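Okay, here's the structure, questions in a sec.
Which chain is which? They are A, B and C, in the order written, and residues in each are numbered from 1.
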């Protein structure tokens, strides 16, 4: 058994888990946060993507014990209260989801992607970097559109902030 | 098949299709289906225009200079959806009837619950079914809730597949709405001392046409449930149910054009353009319909290029048992799609809907394969057209 | 059409829960007293089951019950059905082989379920499933439809001689031949539709509940048609009469036709929730069919 302690969506959590417990199972089964999904058991589908210390990771390929001491953000913690995160809003506006199962992983992967490309994104980059997330409903068309729109909106917002600061 | 015939005959694939289009409806096929409405030429022309079919040879030349083999392929499809008339499928061996049920419950304060036997698993019924109610009564979609997927709530239903929720499920909702509307108008006429035939429903109000008399929707609902002042003999409440059994299948049709570039050294295929022009009849929500087509095209391209379930012949083991081995289309395998629709309303159901869930997956595989075979000059190419198969087919073609 | 009426490009009402991680799929369901199930599956495509030894598994920590095909059959649970009865050209009904929700004496595909283990936790159920010892006598198999019809191919189901379940056609073959004979040009092609897997992103899952006081069952399943599931589970698998069985398909992560059908695991889970050897009033879930 392992003792784990981490911060999930800003809240300190701790517990005792079997050594083999994966981070995704810790989130879903121990903390009851079922927004993060399991769509395969070969780390291919990406439905389980969360942020660990600010980076997108597949929570099915990390042991809960490995994640001990880290700062985790899941889909449940992305919005600021009632205000949707710009990526969430863009997915809704551009119909970037249908059945919703891959959506949490897509949104978490997309926010990470946008953060890593402050210079902005083009379609080719978005498609290449989405390679680790599978969607069977949308054909990716509107997911790509939503990510590009969110990246643009967030770039503008960031510029606005810098101006204000200046 | 048609593309290959055109190549053998040395005529334009578009012309051969045009020549063979059915133009008179209804058209009884020899295999049960009777096509009810369609305009296949309009889809063909829309797709050719969007794809700049005429300019293809120039693009082929340009690609050639860059060492790539460019090909264009087309497919015109028609499918039987909106399944299905219960007696017809019964004659084919189905164990169930393929009607659908609905119930419309207007609550005492005017909010509405629609119970449907259709099941939404990505199709967006909570939105589109609400839109039908909003359209009919002028109430906001947020005051409408769609209830589905629970046998304790909805009595019976046949579910969602075969592009049937619009054509069959929504038709049942329309039938129930007709009954609700008729009763609501009777109550409104009684309350406003007007003739039932003069009542119109607009912007969430029941009005006496040509006057300024009106009753808001919520007040009408309340009147139905307080039952203090209803027409003589009328039962209280405002709730109606309906079963709808279609009289025919529906027949979405369209034209898909795919353009590819093949790397002759590796056999790798890149889809450089994909155009879909569909006729789905009337559309409730174009955003959702486009999404359905996008997803279908991706699955069709998956079939044409990537996907295949393989068993080991000796042991019977499924070799493609996980996403490690079964190639799902990923974002970087696909382009963005150019989709459009035209409309010949379906005469068989009250909303004129044909259905759009499966079209993309039906029209795209032949378009993709036709494009590759056009690029490599060999019609003998099996799906999935992996790089290895394309490369081998190309080698075989150049040997001759 | 109005801003929200027919033809309007309205953003979806359902999106809010999906983009915030608040969707509720079968595997997200948690209920008091819930137990977990894991299936023991055949590693062979075609084999006789000689013996199933459950003793070691039963003794493992947290294990509540280990149930096999013999027990589900003895309990009167019916074989799986096909929703579409095809008649061959000669008018004879199709010859579907008997398919028990758990194999009784023969397995016919890799992954055919032979036993279910019910335990307190998912991990315990999986560990114990690995401890179930099944002795098989392997038989020759065939996994390709064309090969299966060839002379000398292994006979798979006793009901379908030569592995031919039906021989069906529709239309007028004489008129078709005549039209081809008259045609100015004939194009011949050999087309094989490659075998695909729908692969909805949400894997299959089932949760069965038996309420002893009411003698009532509830099944949460990832289905495209929960009502047909109830009808079939009731009328053909004899799990419970319709008025004592509720089927719920909550948020469903895609279907693509694969979730029209009622699969063995759903029936077994529902049955096991009340099976004599299982703890009464227990909840079961088989979160993933893997």
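Everything below uses one rule, namely that a residue touches a chain if its C-beta (ideal position, glycine included) is under 8 Å from a C-beta of that chain, and two chains touch if they have at least 3 such contacts.
None of the values given here were measured: they were computed from a predicted structure.
A complete topology is adopted by the chain contact network, contact being made between every pair of chains.
Counting C-beta pairs in contact, the pair that comes out ahead of the other among A-C and B-C is B-C.
The most central chain, judged by C-alpha centres against the centre of all protein C-alpha atoms, is B. Centroid distances from subunit C, each centroid being the mean of CA atoms, peak for A.
If each chain is reduced to the centroid of its CA atoms, subunit A and subunit C end up 32 Å from each other. Separating the centre of subunit B from that of subunit C, both taken as means of CA atoms, is a distance of 27 Å. Among the residues of subunit A, those touching two or more other chains are numbered 40-41, 45, 95, 98-100, 134, 136-137. Residues of subunit C in contact with two or more other chains: 11-12, 14, 199-200, 251-254, 256. Residue positions 121-122, 124, 287-288, 299, 323, 328 of subunit B each touch two or more of the other chains. Interface residues of subunit C facing subunit B in the complex, by the touch rule stated above, are 1-2, 4-14, 44-46, 81-87, 109-111, 141-144, 147, 170-172, 175-176, 185, 187, 189, 191-197, 199-200, 223-228, 230-231, 245-257, 259-260. Residues of subunit A that touch subunit B in their complex: 40-42, 44-45, 95, 98-100, 123, 126-128, 130-131, 133-134, 136-145. Against subunit A, the residues of subunit B that register as touching in their complex are 121-124, 287-288, 290-291, 294-299, 322-324, 328-332, 334, 336-337, 360.
Every residue of subunit C that touches subunit A in the complex is listed here, in rising order: 11-12, 14-25, 27-28, 30, 122-123, 198-203, 251-254, 256, 288, 290. Across the complex, subunit C is touched by residues 1, 4-5, 8-9, 30-32, 92-96, 117, 119-122, 124, 126-127, 130-132, 134-135, 138, 140-142, 149-152, 154, 156-161, 282-288, 299, 302-303, 307-313, 315-318, 320, 323, 326, 328, 351, 379, 382-384 of subunit B.
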